[in-house]
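Next up, some structures in structure tokens.
Shared chain: subunit A. Partners: subunit B in the first complex, subunit C in the second.
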Partner chain A sequence: MRETTAVDRLVREGRFQRALSLVAGLSSILAGVEVAWEHYKGSYSHRVMYTPVLLSGALAGAGVATAIRPRAARAGLRAVSLLTIIDGLIGFGFHIRGVQRKPAGWRLPVTNIIMGPPVTAPLLFAVSAYLGLIASFLRPEESPGSPLAGVRIPPLSRAFGVVPEVRAGRFQKHLAVATILSTFFSAFEALYSHYKNRFRYKVQWTPILLAPLLMGSAAAAIPFRWAARTVLPFTSLLAILNGTIGFFYHLKGVVERAGGVKLKLYNLMYGPPVFAPLLYSASGFIGLLASLMRREHE
Partner chain B sequence: MPLDAETRKPLQPRVQPGYYPDYDVISQQRFWDAATRELVLKRLNPAPPLRFFTPEEAKLMQVVCDHLLPQDDREPGHRIEIVPSIDERLFAKKGPGYRYEDMPPDDEAYRLFLQALDLMAPANYGRPFLELTWREQEEILQALNKSRPPDGAGEIWKRLSLPKVWTLLVGDCITAYYQHPWSWSEIGFGGPAYPRAYMRLERGQPEPWEVDEQRYSWEAPPDTLSDLDESSHHDHYPHLTHGGIHD
Partner chain C sequence: MQKISPAIRRFAPGEEVDYLIVGVGSAGGVLLQRLARAGFRVIGLEAGPFWDTEKDWYSDEIGAQRLYWQDLRITGGTDPLALGANNSGKGVGGGSVHWAAFTPRLHPSDFRVHSLDGVAVDWPMRYEDLKPYYELLELEMPVSGPAWFPWGDPHGYAYGPHPLGEVGNVLVRGCTRLGIRVCAGGPVAINAGSHDDRPHCIYRGFCIQGCKVGAKASTLITHVPDALRSGAEIRDYSMASRIALGPNNRVDGVFYFDRDGREQFQKARAVIVCGYAIETPRLLLNSACPEYPMGLANSSDTVGRYLMAQAGNVILGRFPGLVRMYKAPPAHALTEEFYETDPKRDFARGFAIQTVGPLPIAFGKQIMAAMGAWGWGLRRVMMDYNHWCALALLGEILPWHSNRVTLAKERDQFGIPVAYAHFNLYDNDKKMIKFGREKVMEVMSAAGAEQVVQEQRYAHLVGAARMGSDPATSVVDKFGRTHDIANLFICDGSVMPTQGSANPGLTIQALAARTADYLITQGENVFRSDHRDLTEPTPRVELSPPGTFRKGIPRPGTGWIFRRRALQAKA
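Up next, the complex of A and B:
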């Protein structure tokens, strides 16, 4: 595929730090709002439940700051992103424990996964932080085209040899793996939440059916360059579209609950999770990004 | 016998009437905790012999319970025993822990109530209660339900509050019937929710292990009075057009 647009070229050369920081910051706001009221439903019974809410604010701030002044803020973005990823992993552990601590624990896996804390949600939160982490290693849009111009690579990162690749926009396989993971976490949430609703609407099957396609094409993109250029952008766009449509369906679901818009807060809290489909779109976004990247060691 | 609403023929008795064919709550027992399971399964055991009611009283009680909670939609071997359950409670003198000022203790209240039936039937129909037709028995019981007792037992109602003993009797029948797992299967009830929980909490959707409701229309038996009462009630609410039809 030829480099057709300026955006395409910037992405391929890893010069999209401002844009990706902004995306990471915005997706962290979505995740933050979702986690704020989900944890409110859990009455913040454990102090650690405040951490993702605070971190999402910090990540949003760092993301926006990096978009405005990349050189000054990207170190902060990197730190906050790392912290948030760690927080997501810890949260994953807590959520597993939460399911286990429900009556009958893992002996009633389906009921307790559905009624307990959303198991993979903390990992989805970590996905937006992961975008922030990637962004912190990129180069700003206005950087000169030479792969390693104007960058100082921290000694530890240099040792692993990953960072120069990222800076140069050569991390397609890496992003393909991220697409697979993120899609899996998101689709798992969709699967059991929609099962809770007994797949009352046929459209509730779409994120579940689309997930293996997106994951499969991302997996194919790891060994095959052509898959990254043909199938992956297609399935990724479908996922973005699907999440966007889902967002409106979830909004509709909230409005159509008893009390509708008159009980806005209550229905937002107890109706379908409004922003969850957009986190599904985020997986598609990562896939799309992956398809635009250059491959490692080329 | 309840009637099929379309053919107007009696519905055949079933092992399990109700709108949930093939649903068996006992099949869920492995999701209950051990203490609950033991308690519920014990209710499937055959009833112990009566110890409180005399044989005469027991016959009378059986007929009264058949009127209050008819089970002719159930096959004879699958009817839920109500009298033994009340008998057990009265013999053990188990109660709610309080008693109304105008009521004797529950065991005495039952004896007095049955005596009242024995007095009212001859006074109004010239025959003992057990020899009355189904319809005549219904008439007496419906009058009691409305707290307008027929003549013959005036002395007893001075010692016994009629509305309260009626509530006691109906309440005991309901408790005895709906404690039994067979009635749970009949109404599609899932049994103990602990630790088995419910997850589909909205729009009345069935849980994965529940069955879909399959409604059918039926009408109350022709010789019952309670349904007539209902339709006369509907005269005041003409927009309720169901009459006595349940669907």
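Up next, the complex of A and C:
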């Protein structure tokens, strides 16, 4: 009980840099593997398609490095995270262009979103980088005294008062917004992917139906502190659970394809995206994190 | 979308060029592009049209008949070949315009069939000599395929595989249930993703009717545009009738009939014949002259002999569920598990099993042959088209001395004697076909087919002007140079001494790229001297069409992990 309280205090005070950077690194590996497959399917026909693959490796490395040596947070993790977020935004633009370049473009939106590059996938990729960015601003677990002891804060961040708040663990609303966005991107992907499969299994509806609940509770957490404490952790846990179950369903989907495990490489590539549900869980994880945080300006 | 500039006249009538290429098909297109890029003055003569892919090709099975060489030809023997559809093309791009674009490589054992299995003949070159060109052409087409292809010389493909259609699923399901390794999603020279100005496959199913989309590779859209940009000229509707032998035992040009039917002569310092397995020997035989009364470059009496076709039996199975064969590229999954000679079997060499996706008319013909169905019975099966699945056997028929192309008494519309193709199956071939056919039927049944029938047929012609080290038993050397005449080359499928169980398209283009490198390395010597330097050329990657080399994922096969897996596979 005492341990839980200590962990809770560390999180609330913004001292869980090691754990968060590891989570960012791990989720980056999942996203990286997913993007490497997807871009191989797209034949790496544009050189820019290599960048998320390379960056996911770099982000994973930076996350692990930060966990081992907190000094790496500022130099490595922050830069790589920022680059990855920018890459995600650029990728989003390219994916929109990809849909537009399909026959009939946006005049045939449903077909072309389904058949073209996954529109919001690059933004989902940026979510793990966002966690890395947050981790880079946190205090290391062992850092003593005042939240701002010995820290040089970039003038722009200081002006907006972002960094001191983050370092003190006061970024609940901020994370609530991130939860809404991440859930939206993830649920959008689930919606059209499962639609492509004609919602053959009823369970395919669950991430779609859960998404408004999670997004709603995260939205409620912005004005109401009680919502952040009561509803948000509940819906977030549901999302994590849903993603985990989905992961096993997707694995099952791969195994049940013609050739099954004997045709691993191919079936992993063309079966249901194995790690996609875990990215949905990541949205729940961000929501859970938000519920544990202190609120801005309190 | 890709825009291909039409061929324009570049050389004046009567002007002598460096290389005159007869036939702008799979090999001719690659040769034309590379020689032009290297700065040679080069002309390609093509009997058919220069296709306008937008206007001339349409999604129609009957309309696609124009892509085949449908001129008069005579066939005979105990097992006569059907010529035309499926094995020869007319028009720029040749057969590559209507191939299914399956692009497996030959196995290393294919080059040493006589040494290993005591049948047929060895190639005068090794697999390793051709391997760099396989890798190059796989990028230039480019080939979409799996990350790991386990047979022969194991390798991976730089571009992602295609999703499977239900025919692929049937093959994969059947093979997996029988414990047979299978490969999914290629190798096939159809874009899975867009590349530069060429769009990706949209899976509309008309691959072998001339891919109007431009996703399927043919030399018309991969190499010819760059050849034209590099200064080559293509003369369409130009039917070569005779190669002229000049003084000093050297050829000095080709007589041909132009689009108006008038006979013309084009001077050249060297001639390369790329007419494929029927038209190449026909042209050489028709070019007989006092010095070579049996046909040009035929002092060994080998021109026309050792004609080969692959066994291409189609096995059709009916499934309770929908298959819809048209909903995928015909070529997208295969197994080469039975490719090599197995001492447990009573025949040498082997076969591959591949997906095919016949459209309704082709399917109707196959059902007529396989079931003897006609009238109302045929109509009932045709109405059931969406439940049928077709897999093909691709088996190696060995080169036999008596299987040959000669000249018939009949003449074509230009008055040129037409080819007569004599073809017999021998004991080894019959045993292989029987075993292979039964194996494919077994796979089909294991996949859940409720009714299985088969049609015997052939695919892919090669041989008839084979390469070899001995001038007494072969027509050309390992670079396609005729033993008899130093400035006459042959470069197409006809030079292959054996054919393996792999579709020959990639090998033909790889051989053409290698011959081009050889010619470029030899420079002016080809035109001035009869000396033969048989040193292997260095592959020139800089001659690839722009934007093709160094694209795709980093080449597997170069990394240590792939090398280790290759060694394990060999062990």
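Just so it is clear, the second predicted complex is superposed on the first by the 288 of 298 C-alpha atoms of A that agree within 3 Å, B and C clash if a C-alpha of one lies under 4 Å from a C-alpha of the other, contacts with A are read in each partner's own complex, and residues count from 1 in each chain.
The definition used in the following text is that a residue touches a chain if its C-beta (ideal position, glycine included) is under 8 Å from a C-beta of that chain, and two chains touch if they have at least 3 such contacts.
Note that this is a predicted model, so its numbers are computed, not measured.
Q: Between subunit B and subunit C, whom does A:71 touch in the aligned arrangement: first, second, both, or neither?
A: Touch partners of A:71: none, neither subunit B nor subunit C.
Q: So, does A:198 touch the first partner subunit B, the second partner subunit C, both, or neither?
A: So A:198 only meets subunit B here.
Q: Once the shared chain is lined up, is A:103 touching subunit B (first), subunit C (second), both, or neither of them?
A: Touch status of A:103: both partners.
Q: For A:252, using the defined touch cut-off, is the partner it touches subunit B, subunit C, both, or neither? Pick first, second, both or neither.
A: neither
Q: For A:114, using the defined touch cut-off, is the partner it touches subunit B, subunit C, both, or neither? Pick first, second, both or neither.
A: first
Q: Taking the contacts subunit A makes with subunit B in one complex and with subunit C in the other, which residues are shared?
A: Touching subunit B in the first complex and subunit C in the second, residues 103 of subunit A appear in both lists.
Q: Report the residues of subunit C in contact with subunit A in the complex, numbered from low to high.
A: Interface residues on the subunit C side: 142, 144, 146-148, 159-161, 163-164, 168-170, 172-173, 175-176, 181-182, 184-185, 191-195, 200, 202, 551-553.
Q: Give every residue of subunit B touching subunit A within the complex, in rising order.
A: The touching residues are 31, 194-200, 202-203, 205-206, 208.
Q: So in the complex, the part of subunit A that touches subunit C is made up of which residues?
A: 40-45, 101, 103, 258-260, 262-263, 265-266, 269-270
Q: Note which residues of subunit A are touching subunit B in the complex, please.
A: These residues of subunit A touch subunit B: 102-104, 107-108, 110-112, 114-115, 196-198, 200.
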